[in-house]
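Chain nomenclature is as follows: A, B, C and D, assigned in order of appearance, with residue numbering initiated at 1 for each chain independently.
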Amino acid sequence: MSMADAIGRYVHDGDTIVIEGFTHLISFAAAHEIIRQKRRDLVACRLTPDLVYDQLIGAGCVRKLVFSWAGNPGAGPLYALRRAIEERVPHAIEIEEYSHFGMVARLTAGASKLPFFPLRDYAGSDLPLVNPRIRQIECPFTGERLAAVPALNPDTAIVHVQRADRDGNAQIWGLLGVQKEAAFAARNVIIVAEEIVDEAVIRSDPNRTLIPGFIVHAVVHEPFGCHPSYAQGFYDRDNEFYVAWREISKDRARFEAYLDEWVYGVADRSDYAAKMLDRWRDLTAADRPCEPVNYGY
Amino acid sequence: MSMADAIGRYVHDGDTIVIEGFTHLISFAAAHEIIRQKRRDLVACRLTPDLVYDQLIGAGCVRKLVFSWAGNPGAGPLYALRRAIEERVPHAIEIEEYSHFGMVARLTAGASKLPFFPLRDYAGSDLPLVNPRIRQIECPFTGERLAAVPALNPDTAIVHVQRADRDGNAQIWGLLGVQKEAAFAARNVIIVAEEIVDEAVIRSDPNRTLIPGFIVHAVVHEPFGCHPSYAQGFYDRDNEFYVAWREISKDRARFEAYLDEWVYGVADRSDYAAKMLDRWRDLTAADRPCEPVNYGY
Amino acid sequence: MTYSASELMVAAAARMLADGEVTFVGIGLPNLACNLARRMHAPNLVLIYESGAVGASPDRLPISIGDPALVTDSLSVCSMYDIFNNYLQGGRIDVGFLQGAQIDRFGNLNTTVVGDYDAPSVRLPGSGGACEIAILAKKVLVIAPQSKRSFPERVDFVTSPGFLNGPGRRAVLGMPGGGPAAVITNLGCYGFVDGEMTLESLHPGCSIDEVRANIGWDVRIADRIDDTPAPTGEELRIIREELDPLHLYI
Amino acid sequence: MTYSASELMVAAAARMLADGEVTFVGIGLPNLACNLARRMHAPNLVLIYESGAVGASPDRLPISIGDPALVTDSLSVCSMYDIFNNYLQGGRIDVGFLQGAQIDRFGNLNTTVVGDYDAPSVRLPGSGGACEIAILAKKVLVIAPQSKRSFPERVDFVTSPGFLNGPGRRAVLGMPGGGPAAVITNLGCYGFVDGEMTLESLHPGCSIDEVRANIGWDVRIADRIDDTPAPTGEELRIIREELDPLHLYI
């Protein structure tokens, strides 16, 4: 399925969405398509909003942000997000804030259809004072009081993976983040794959499969779909772009110009990748194959 | 470390132990050494007691069994266990019984030092009537009542793995069972490895590492250490022995004769393996290597 | 063509599976039924084993639920945490197969003890994953040979709840799954009406008298009783030649 | 030999790490301190990043906590579920490094907002993993340059609790971790006495007056103040040539 079709079908105005990936495997391709299709009023959930949600927020797609760490890793603040919070530009957004553990716990509960997840967290922190959805629960065995957070069950989860077959059986290596939990928690799952491989490749290493195809609704083939994020074994993170984003996002006009050139100004990800071909080449991963294992019996 | 040293140091009379492995990777080598060292009053926990705990129970090592399915998979009952329960031979044992999900939840809680784990289970079942440690908890968000089971934190977990380095960084493929949870839940961890590999092999595929070396207390090199259970990629399950066990365990004298020959009658696992060499050869796995992945950047 | 009761049960169970359904498979007859369905009308049936194998494609008959043949060439192998939390409790399982030493009028199953729990006359294996499959799978199919002893009016111990003591009780307890949908015995197939096991078809050559003689209560019988279709030659060929060539279960 | 305040802070933090400790590492100075310690006196220090990399062995300076260089050649890469549940909450982390836009008298840290939460004068990134590291790690080390603004008597928002409002409060709340053990600034090193930040050493060339001029309360001072040892030539060589050759953080 094309990314345009996948977003058209599975991301609607007002939906709760999760585009996950902790630094690694962030689907900028999906976010750009959401911006191009001018989705509005999204409830955008992610541990680290990162540039990807800074762009969605600055483009006016987001009504509410649910998150745990909102910065440009190693390069300062997310200015489009700060403009929305501090100056209501392009419009005000609501925020709902946890810590990483809280967000991990929310998706873990969502994946397994528990209504909440218990964790030893938040004691003494002011976070529960500003987020009434961080509550307490008493252990029925020890009487201890623990924190509890509610399940997060997005309408749609978008997960970029290194390889998948046509049915969406998806394999990831390197940082795994909360992608498995996000996929199982969601009503609809879009898998975006760096590479579409034969089912036999998947079956040759079943422990590597993080998401089974039968819970997947759309499979999109999108090489270089994470840039400026990265895909281990395919291309490195574009750290220079992350640093450059600081100045781009700081200035509303430059932010708009960026969208005009790299989002609205391209038809799709392959157009973007073609325009970025030299950079792609520079970022291409070195070869570090794993020692294989034997699945015979 | 030798198995004799590992068991000598980390399994004491009265300890709560877990030897995990769901059909796959069951450390019979460790169980036989526990029998040889005549450990007593163990609280033996495992989802599926299997032949391995049938032997421990029949040998008189176990005071209490904590479990969720006690049968000889595909071949009938565990007669030594039944003799203990029904006839108090060699002595009575206490049992504490859950379902698989309950045992998985108990070890999951134990691994993450939660005092309990919530699950949608046991409604309408008689299991909570005979096990007061299956309780209820109310969701602080929805008010729903869920089941809760207490954490299981054994003194020692014994986990057989396909490969580990000298520090105990341990990799498993094929069925993963609850080995990761058992190791993290335990105070002491014994890793038994089919193969000791160079650290570089482990580092070549870090996603395959289930248990990090720094939580491991003893590393034992024990090829063929699972027989009659199996190790994917090394040797097949000895299904004939599982079937034969039916008749062996049914008869107390044959059970004793088995222990005399294969447990007390051998010095250690390498002695056992040498005695079983033809069988080992017959069971040796075919070659089915996985497609490698690239960890470069 | 002659066939055994087991072969008929396998064929009848296979026909109850729809293409694309996600099934939690047990060893023995359920495994044969699922693999027969895949080769007949349901090529996209997803087979999941509680051991962690998803989309298994075994090239020999698995002897146990943790057979290495279920791993080699499967689509995914995950931890038991994932199987029970994300697959089963996560609502991803359409059909769960269960067996039982006893099954009662309301589809409750016992695999724990015959007699008193603390002084059992027979100690059975226990729940395994059966309790949660009974509670969480969207529907449950039961395969069990029928006798007065194994089909009592009330099981000695409810390991895996069916409809408990009648209609509505599952909803009161907030049980997510739909409960037992069918029981396939050596004599006939039963559905559930108002939560009660109800004879819906008789296997070729079996009579209602025989059914009554082998069940522990005054069994409910549907207004219209069909004949269970006999297994076809093709079904029997697949079962005998491809699935269970050593005739371990049939 | 001259050195920057950052280099001194890295060296001082490195010396606080014992061999074999399991540390939760942050990007920037904490990462440099951990990697310096590994090359000096603590070759068996275990480095864990909240992104999931365990026993990382990066061959370039990681720019973010999710840098691919932390994955290649690491001992283990696991999900964030595992990191937060089994490693951190599981009590496996000896030392957690934290930074903060504000730190107060009792070691409470703020990385959420300056000013009012609902109408902040500056919106900061938020907790990330800091809140739970502060609660669960056996001890916490803080590296932060010192000023009256960033060291107020009371933080605007407690993102990551230290000793809250004084001794004993952590125990009352049942917090498993030991709380802040040290704060390393550009002027000196602090320990905690009765839960209160207490100056224990002054960096070469720094004075108590300077310390007082750059802290928002009447700071407690230990009876005996040591001189923080200057970084050695070998430490500086490792920092400059091996760890941060592009001088991104020093």
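In this text, a residue touches a chain if its C-beta (ideal position, glycine included) is under 8 Å from a C-beta of that chain, and two chains touch if they have at least 3 such contacts.
What you see is a predicted model; the values in this text were computed from it and never measured.
> Tell me which chains count as touching both chain B and chain C.
The common neighbours are A.
> Can you give the whole-Å distance between the Cα centres of chain B and chain D?
The computed centroid separation for chain B versus chain D comes out at 40 Å.
> Averaged over CA atoms, how far is the centre of chain A from the centre of chain B? Could you give it in whole Å?
37
> Could you work out how far the Cα centre of chain C sits from that of chain D, in whole Å?
Centres of chain C and chain D (C-alpha means) sit 57 Å apart.
> Quick check: what residues of chain D touch more than one other chain, meaning two or more?
Correct list: 53, 68, 71-73, 77-78, 85, 89, 176.
> Of all the residues in chain A, which ones touch at least 2 other chains?
Within chain A, the residues that touch at least two other chains are 113-114, 119-120, 144, 173-174, 176, 180, 204, 207, 230, 232, 236-237, 285, 288, 295-297.
> Just spell out which pairs of chains touch, all of them.
Chains touch in the following pairs: A-B, A-C, A-D, B-C, B-D.
> Touching chain B in the complex: which residues of chain D?
Residues of chain D touching chain B: 20, 22, 46, 53-55, 57, 68-69, 71-78, 82, 85-86, 89-92, 176.
> Residue numbers of chain C touching chain B in their complex, please.
Touching chain B from chain C are residues 27-28, 50-53, 63-68, 71-73, 77-81, 84-85, 88-89, 108, 112, 117-118, 120, 123, 125-132, 134-136, 157-161, 164, 169-170, 173-176.
> What residues on chain A touch chain D, complex-wise?
22-24, 47-48, 67-71, 73-74, 77, 81-82, 85-86, 97-101, 104-105, 108, 119-127, 130, 144-145, 173-178, 180-181, 230, 232, 236-237, 239, 242, 285, 288
> Using the touch definition from the top, list the residues of chain B that touch chain A in their complex.
113-116, 118-120, 133, 135-137, 139-142, 144, 146, 148, 150, 162, 171, 173-174, 176, 201, 204-205, 207-208, 230, 232-237, 285-297
> Which residues of chain A touch chain C once you look at their complex with the stated criterion?
It is residues 111-114, 169, 180, 184, 199, 202-204, 206-207, 209, 212-215, 295-297 of chain A that touch chain C.
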